[in-house]
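Take a look at the structures below.
Okay, so chain A shows up in both of these, paired with chain B first and chain C after.
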Partner chain A sequence: MQTNKFIKYLALFRISFKDLLVWGWEAVLSSFMLMLYAVIAIIVWIAIYSFTGVKSINGVDLTSTIIYFAIISALMPFLSWSNIVDRLSADIRDGSIGSSLIRPMPYYFKIFFEDMSSGVFNLIISIAVITLVIYLGRLTPGAYVGAMFVFYFIIGFLIAELLGFIVGSLAIYLTDIYGIMVSINWMVTVIGGGMIPLVFFPAFIEKALLLTPFPFLAFVPAATLSGVISIGEAFSLAVIGLAWLAALAAIAYVMWMKLKTRINAVGI
Partner chain B sequence: MLMSNVVEVENVSKRFNTYENKDTGLFSSFRRRKKIVRALDGVSFSIKQGEIIALLGRNGSGKSTMIKTITGILHPDLGSVRVLGMDPWKDRQKLAMDIGVVFGATHPQLYWNLPPIDTFEYVRDVYGISQKDYKQRLEYFIKLLDISKVYKKQTRQLSLGERMKCEMVAALLHFPKFVVMDEPTIGVDLPARMGIKRAVRELRKSHGMTFLITTHVVDDISMADRIVMLERGKKIFDGKPERLRNTFSKYIILEVKFADGESGKGFKMKGRVISSEPGHVKLGILPSMLKDEWLRKLITSDRVADYRISEPGLSSILARFYSSRDRKGKEADIDADE
Partner chain C sequence: MSGIEDFGRDLALYISSQKYGFKEFMAYRAQAISWILIQSLGAISTLIMVSVIYSVSSGVPGWGYFQLLALGGLVQLTSGVISFLISPRTLVRTMRNGGLDQLLLKPYNPALMIIAKNAGIRSLGGVVSGALLLTYALHGTGVGLGAMLIFIPSYLIGLAALVMSVMVLALVSYVLFKDASYTNWLMNIMFSASDYPATIYGIIGSTALSILVPVTFAVFFPAAAVFGYVNAYVILGVVLVCIAIAVMFYFSSSYLLRKYESGGG
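Up next is the complex of A and B:
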């Protein structure tokens, strides 16, 4: 028997997607609930602009802010959180990680491709919303900005997946990782640009926050496409994004090795 | 047929760290002490190609650790395991192509919200089974396990027995050389259990598959060629099922019904009294006593309405063995290697 790796992972993706479609409406609803959060942010910022009477904050006017949050609403379902956290922590707690290890594929790829299935579901919604934002906001991003946006979108997705793996694997030490999940969600929201565009902060705070991985899950891709940051600024962040990607991949690898040892030590 | 060893387990030991609270106060979870549990302690056995082995033992005896070690999920602290010539820990993914594992109802392989046929197709692609082979094998398993009416229904709607049969198909579609089944018949009704047992025998006969089956169900022993029994991480028996009876029980059962309703008053009786009620006595006697004079006198007496001599059931032998071990609380292991 010859196993083609591509067919193997495609099969995993296919069955996970089919499994998700059983609960199709629930998946659509949860995606829209995440978007609702950005809609609230738009309403709040409209109120702030009109109450204070300012035309722009740090060079960003109300229209750009609305476009920024409209893009955030499209990114949130895809980038805000990875289902890997739930899958991995549940597999560790109930011991079903053992039954996943009997298949001829690495476990981390297995949960990644399973998560990709729900990711694609959200991606369809994200593309639809972003297309609508570009049309209604009369944006003309150009090929260079478009490419940068796609680049940061992929970086953001991979960072979300790796963070999810790292947090999920903490279940080997902790009985309940819900508190950490909530904390990281707040990090994405507050210091990742989910609620306040980072350019609204004083420059030194903005620079400091851009050194963390969280802006890559919301602010960097949204600000690149909406024009809140210039193409030059966006380009300069690539090194930080790639460095975080490499660092998180290394941490995830260490956690995987710890996880394997832990399974071996306590027989999860 | 060349009977090579499919599994070779040599002097395998495995310890786990567990934690227990030192006391019962409000903050007892913060005051824990580490405990080392010896899950496997110098276990050795081998399995020949085409054998069906029942791995017996009660909860915590080390059965699950043993099968996790054999399938490459765990690494032994000491000793070595070879399965189909491979080191299961190092060659886990390669070995996975040649082994099939059926975990009981606790860790199902079937997708809960989808019909089993979807999982079967997924397995086909993961193991690189050609469409032609897949069709043939699926038809074979549908017939063998009688699942024609269930394999297209949503898994969550199936009974436990139907699910277990479909779990078997999902684990065996790639026709593995060696199959591990972890308590496949727990909670399964009798017809489904018989179907699973029949399928195991048939797969061994027609495809030469080798099986290692862990079980609590004594009835499952009937399908095994050999039994390996674990107790507190140690192997305490390795032999044919009929030898299990002789090893753990020296006694045979003598049941006597008295016509006068008395409990054998006035008779000389030897052996161990298992139960005594008015008009009915159950004794455990040694086979050598069958020729004793006291027994001849007893069973030929007019006061005896009926008597029966039988071998004790495996369930009662094992129950008595476990309770005696618990009473003694020591590990006086019986070395019963063949």
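Up next is the complex of A and C:
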């Protein structure tokens, strides 16, 4: 019975993945363009380090900064945004969520597995870039750092999916959620460490920002692998990450329960 | 006389279109205010980024805190103005669904019709926040009136060149791909890169920022001129290049619009 369920979801994933591969080059181009933001950051920080002539800024040297942003470039296509927002809000706006609810599978699993197609596609690109970064940066992450990175990578992915689900659900209350999408994207980029490693902020701001969920989408996994933060610091953040995951899952659940009661389906 | 009359008619159309667009935008007041705030995030990012850079280092080679802030403010202002005047994605979408056909049938300048009807009123927040940041930064640098007299015309000419090149880029995107999502994306990347002096990107980067989408002509050179980083000959050369780009792309856009094939409807 469980196998049948899994096959059902796997079929959804396969259809969605095939759909994505039809526009394969477009997906590659999207990932490449997202990476360009990190390339800009690398060039800027190279110029700053060279001009300032310092070996390290707040304990981070130029090589670590470059590696940090190179990892960010690999993470951005994967963690920057969840397509669940687009799918969910579109389904709510055009009313197709009504017919989806009567299908013999939970709607949230349906959109999650459909979104996994782009997730897996971006994961392949991310793994390729990270492997290249490890090779070119001559990184020798131990098993512990590697495990922590994978852990935060998964936490980041799940937080992105849950945030996407919550924001997408807001479409039932608001006419236009694009603004919220832009704001969250901004938060990931600016206060999540996509543009500046959080260790460059004053210490009290860094500590405050690390209490939000956004650094788990960029700063925490990238800083763990690049060595910008120590193993001990990385480990201490696990509790915050898991707490956010639980909190967002609870919010998403409540939102879903409320959303279900507000859907009115019409049509043939 | 006819030319002046046509210009007057076109201007009246533009003003009435903007008035209508603004009233429509303000109809949902809470949404309009939230949009204006959201569009200001770019200026806030610039302020945060520049402040962090100068708090941990001596900054970007040759540029002071307020100078870099002014450059960032100018980028935000320009990005807002461009989004307000023309969005390649919106224009190509209009072309795809046959919306442009209706515009071209009207007895007005086609380029103006496109700019008037596709105005991104929601980008006003970017324009206002960019202008505020620029004013604050210029005040901090203490630039004189003389420098501003060089800055304002060189900026406006650079902006005209940028607007016309974006228009051509959108029309070419329609011809080649029938989609301009990536054109918008490319522009955003170019604007992000322009937050910093073009000189840090080396010759290849600077050339890309000047040719692919000529952002440097509207942003970097006017800012470099006002802070005295380029001499009078360079400014004159840039102004002449911008005039050439604006004229060339104006005629190119007119040609592409004449050859326009409807996408349906």
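Following the convention adopted for this analysis, the second predicted complex is superposed on the first by the 260 of 268 C-alpha atoms of A that agree within 3 Å, B and C clash if a C-alpha of one lies under 4 Å from a C-alpha of the other, contacts with A are read in each partner's own complex, and residues count from 1 in each chain.
By definition in this document, contacts are C-beta pairs under 8 Å (C-beta built on N, C-alpha and C of every residue); 3 or more make two chains touch, one makes a residue touch a chain.
Just so it is clear, the structure is predicted and the values come from calculations on it, not from any experiment.
K.L.:
For A:V22, decide between first (touching chain B), second (touching chain C), both and neither.
P.N.:
A:V22: touches chain B, not chain C.
K.L.:
Of the two partner chains, chain B (first) and chain C (second), which one does A:W256 touch, if any: first, second, both, or neither?
P.N.:
neither
K.L.:
Quick check for you: in the superposed arrangement, does A:W186 touch first (chain B), second (chain C), both or neither?
P.N.:
After superposition on chain A, A:W186 lies in contact with chain C alone.
K.L.:
Go through the superposed model and pick first if A:F235 touches only chain B, second if only chain C, both, or neither.
P.N.:
After superposition on chain A, A:F235 lies in contact with neither partner.
K.L.:
If we overlay the two complexes on their shared chain A, which of chain B and chain C does A:Y107 touch? Say first, second, both or neither.
P.N.:
A:Y107 contacts neither chain B nor chain C.
K.L.:
Once the complexes are superposed, what residues of chain A are shared between the chain B interface and the chain C interface?
P.N.:
none
K.L.:
Quick one: which bits of chain A touch chain B in the complex? Just the residue numbers, please.
P.N.:
1-4, 7-8, 10-12, 14-15, 18-19, 22-23, 94-96, 98-99, 101-106, 263-267
K.L.:
What part of chain B is in contact with chain A in the complex they form?
P.N.:
Touch list, chain B to chain A: 14, 16-18, 39, 64-65, 68, 71-75, 92-94, 96-97, 99, 101, 103, 106-109, 111, 113-114, 118-119, 121-122, 124-129, 174.
K.L.:
Using the touch definition from the top, list the residues of chain A that touch chain C in their complex.
P.N.:
29, 33, 36-37, 40, 43-44, 47-52, 54, 57-58, 175-176, 179, 182-183, 186, 189-190, 195-196, 200-202
K.L.:
Chain A touches which residues of chain C in the complex?
P.N.:
28, 31, 34-35, 38, 41, 44-45, 48-49, 52-53, 55-62, 182, 185-186, 189, 192-193, 196, 200-201, 205
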